[in-house]
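As structure tokens, the structure follows; a few thoughts come after it.
Each chain carries a letter (A, B and C) given by its place in the written order, and its residues are counted from 1.
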Amino acid sequence: MTGRESAKGGQKPLLSLRNINMTFGGVKALKHVSFDVLPGDVHCLAGENGSGKSTLIKIITGVYRPQDGAVIEFDGQTYSHMSPVTAQNSGIQVIWQDLALFPEMTVAENITFQTLLGRWPRFVNYNGMREKAVKALARLGVTLDVDRPLKDYAIAQRQIVAIARALVGEAKLVFMDEPTASLTQSETDRLLDIVRTLSASGVAVVFVSHRLAEVLEISSRLTVLRDGALVGVYSTEGMTQSRITELMTGKTFDQTVRARDVSANPVVLEVEGLCRPGQFVDISFTVRRGETLGITGLLGAGRTELALSLFGMLKPWSGTVKLEGKPVHFASNRDAIAAGIAYLSEDRLSLGLIQPQSIADNLVIASLDKIAASGLLSDGRKRDLVAQWIADLGVKVGKQEDAISTLSGGNQQRIAIAKWLATDPKLLILDAPTVGVDVGARAGIFDIVAKLAQTGLAIILISDEVPEVYFNADRVLHMAKGRVVNQFLPADRSLAEIEAAVYA
Amino acid sequence: MRKVVQSHATEFALFVVIAIISIVLSFITDRFFSLGNAFDLLNTSSVNIIFAVGLLVVLIAGGIDISFAVAASVVQYVAALVLGWMGGGGWISGLLIAGALGVLLGAINAFLIHKFRIISIVATIATFNIYFGLLMFFTRGVSIYNLPDWLTSRVVLFEREMADGSWIEVTLPVLVMLICVVATWVFITRTTTGRQLYAFGDNPEGARRFGINIGAMQFIAFGWLGLMAGIGGLIQAHYAQEVVPNALYGRELDVLAAVVLGGARLGGGKGSVLGCVLGVLLISITQNGLNLAGVSPYAFKMIVGAIILVAITLSNTSIEKLLPFMRQVEGRK
Amino acid sequence: MTAILNRIRTGLGPDMAGPGFALIAVLVVFSLASPQFFSRATFGSVAFQLPELGLLTLAMLLPVLTGGLNLAITFTANIAGLTVAWVLQQNGGADAGPFAFLLGALLGVGVGALSGVVMGLVIAYTRAHPILVSLSMMIFLRGLGEFLTRGGDVSGFPAFLQPLGHGSILGFPIPLLVFIGCVLIWHVLLTRMKLGFNTYMIGSNIEAARYSGVNTRKVLVLVYTLSGAMCAIAGIIMLARFNSVRVGHGESYLLITVLACFLGGVNPFGGFGRVIPVAVALVVLQLLSSGLNILGANQHLATAVWGILLITVMILRFAAGHFKSLKRKKG
């Protein structure tokens, strides 16, 4: 249970936590958690949002102080708690999901940022910083222009800069918080190579994530947390994403393929030869009434760009789009909405919903005409409309006037879906609708999707998680490098086959 | 070369614009393109440049300050009173008093911003009204004309008559301005604390995670601007040879426009001393040139306003569009 | 009964706490300090002084709600006033008829709106920071005004304009009625119209609003246009009050309008804020300066006290937020 047994060959752990307890405002965030990492180990720490994994990292890095009785052993020293300074000095580094980099500063400054710290002013040694930075990048087998500002580089290179920064800090243990979330496949592969290099040189790496498919193969062990308690420590040998999901949620999802045959229904959307050079080429497909079309593919395959082109926010260079048989050209997404197309953004936090504003306002923003009476907006109509949607989609809310940010991810997503349903769409494009939604709440979202399809709505479901489209779509398009490379009917194929094709 | 131009696009663009304006003006007027005029320009721009480099530090740290110009007025007035009460004083004591008072007023802003989490524009609009209201209330708007002799007599550090008959001179304000500019440059580009300020303005949350002392950053940034405001205030009194309580009222927005024209970003993390100086110079060169070209003084500000409006519009439609060779190769952001 | 109370409570809203508290404090303090405070004269002077600052604050409010700022408001008002003065002078100066004034007022509002359109277009299409755009517009308009007037006054208006600045209807000063009318229009705009709804949404997150089908550029241009038009109304009232136009009239109001917005509970980052609390905040500011006046202080001290009031309210808000989060942690 505690993972002691799996300490390979009796090797002494680099980091060993015992009896970690943490309480926030009466809520137990961590209950008697223990956690071990071996030197040079590549370890996965998995758990849903709110399972306590980020609290655990913050305790290890000294941001939080655990309750009395905690024992933290790192590299032969024993502590009752860490401080940010001791954690960094003793070789613990975190690469946060947002990377905590400084875009306007140079690559060299970012990598050697530690040397700029300190209370009293000193003169900056730019030559020394440059040398150190180049050396750190060389250890990773990367060359970047260290004098360029970081903002000139894309996210994947920025992540490498963050790793290089950890190396300069003489890291013995590196935590990577959701490292692959915004990387394309080739970038992920490169990251994994770098992690192998690190591990070979004796640096232990812990991946902190709820999606571990990519990193499973190079990791040796897996620790799972649920509701602030340790579920167990497992060998990654033979471990699958679905097994991890079961462990994280404590539920088994016996998913069934929902695909139906809708080929007799009239066509809603017909796309032919759509091109936007550099993003997607020669895309043709149709979506029928009541059909759920899945589009999958890795990040950078052009899925979101395709969706934005259908939604009028990007202009395709060539090709035609027909809606119910009539060719359409959208000057903006307002035209698309008026024509009956709705698009649920993949980035719910910054594009999908207006986080500080109320639940009610977020719901009605796209359909203000519905709550207007003789030109003026009516509070009564707004309240009724919102109440109706909240009931229809089973959203758990306190008051309609509460900020949308007070809702859980799953409930926020329901409001976002309701916002679009209120515009009476003919076609609903769902772009990664389960991002940031707890595994347990995802099924609820897909139940709604299935119900909507039954009412005749045409749906495009975009996801980079193959199982999602496999179980929930009637037909699946596989996109890669801007092209549709294949089409599957879930009924005819096994999940493993399709996963192998997409992740290959 | 291309790399230098790329990383200093704003400064380069400003330089080109200044060069073009200068060439045009030197054709229109015969007096513009003379060394004497150039030094005149420096003399008259000194105070604004001192203010500008101070404000630059606050902008880099992600703040904004509306109150510094009236703070400078308060410093002028109080310093004049203190010096009179001390029975004279001199440049050293004058600068020390002015600097210390300025730092104090800046620290009040930093205290409100840090301690009570009031955002800087709200806090400094409040202190703007407090400083100015109290100054006008206690002084009843009365100016001070009998300043100590050392403060009002012109200090010429270097003068020479040129072959073309124009007279060049370097006065004390120019020297003080140069010291302030170099000190600010060294501070923000060559010291660890200066780089911490950039980092804090660029990504406050990231800076916090590295254990950078956020409160100290606020006090340093607003303290530096306070110091510059104090020094600038004293120099302005020296230059004008009088202390008028509302003389600097409204200067804050002019300086802000010049600093932002020089490439500093509202929101922090970006801006250079060179750009900031060029921003001030662009405005004074334009005014000076229009003056020499015989344009009505009432039209200056209109033209300057139009230039800034166009410059801001163009700089936001991105310089890369206008100068294609600067386009970045790896343009994915 | 409780329904009515609830209605009142939601109508007042949490953003009413700051200005409401300040209003009561000001009334109590001054009525204790001076017996003359509760008099017709005090409220009369408040009623006549409030509208200029109030109209300019309304002009500032809309841009602040979108997360911006309009620093050009005072000079837009001056330029609009100049436009009216010019039309009047072209039509006989002091002998100009009401029709000339009407034409001038229309033209003035048009000129004010035009300055807003230019700023709105630049802000909406180049994404330049509103502070910079309106700042350069301010410098431009100030220069333009000084160029046109050579720094002097323009005066000599027909007598029938007198009541617009100094007259009363049923005991209510006409400028105050204009202000109340504008407050109501703004209130309806912000609570009952699509433009108002979208203004708040843009203020919180412009990109998310765009993804939801809001025409963000149109909203921004309209917001600055309305702001400019409201400046023009302020400019016309100022013309009637002073019986002259001078570039620089009301210049000191610029930052006071921002102060009034924040005092009225408007979020400095945009997205939240209502008209009524801002109007109450304006009343507080004017009562303060009238009260101080009775006690023998001048406007400058009042300005300083305004600043102190803003800081006090911000500190109290901070403390209230702190207290609330402490309570939540314990509960």
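The rule we apply is simple: a contact is a pair of C-beta atoms (placed from the backbone, for glycine too) under 8 Å apart; a residue touches a chain by one contact, two chains touch by 3 or more.
On a predicted model such as this, the values are computed, not experimentally measured, just so you know.
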* Structure fact -> The chain pair with the larger count of contacting C-beta pairs, comparing A-B against B-C, is B-C
* In terms of CA centroid distance, which chain is the most far removed from chain C? -> A
* Asked: Once you find the CA centre of chain A and the CA centre of chain B, what distance in Å lies between them?
  -> 45
* How many angstrom between the C-alpha centroids of chain C and chain B? -> 30
* **chain A residues within the chain C interface of the complex** => 24-26, 313, 332-334, 337, 343, 345, 350-357, 361, 365-366, 368, 372, 375-377, 419, 423
* Asked: In the complex formed with chain C, which residues of chain B make contact?
  -> 64, 66, 112, 116-119, 121-123, 125-137, 141, 250, 253-254, 256-257, 260, 266-267, 296, 298-306, 308-309, 312-313, 315-317
* Residues of chain B that touch chain A when the two form their complex -> 3, 7, 187, 189-196, 198-199, 202-203, 205-207, 209-213, 216, 269-270, 328, 330, 332-333
* In the complex formed with chain B, which residues of chain A make contact? -> 84-85, 96, 98-105, 109, 113-124, 147-149, 151-154
* **Residues of chain C touching chain A in the complex** => 188, 191-194, 197-198, 200-201, 204-205, 207-215, 271-272, 328-331
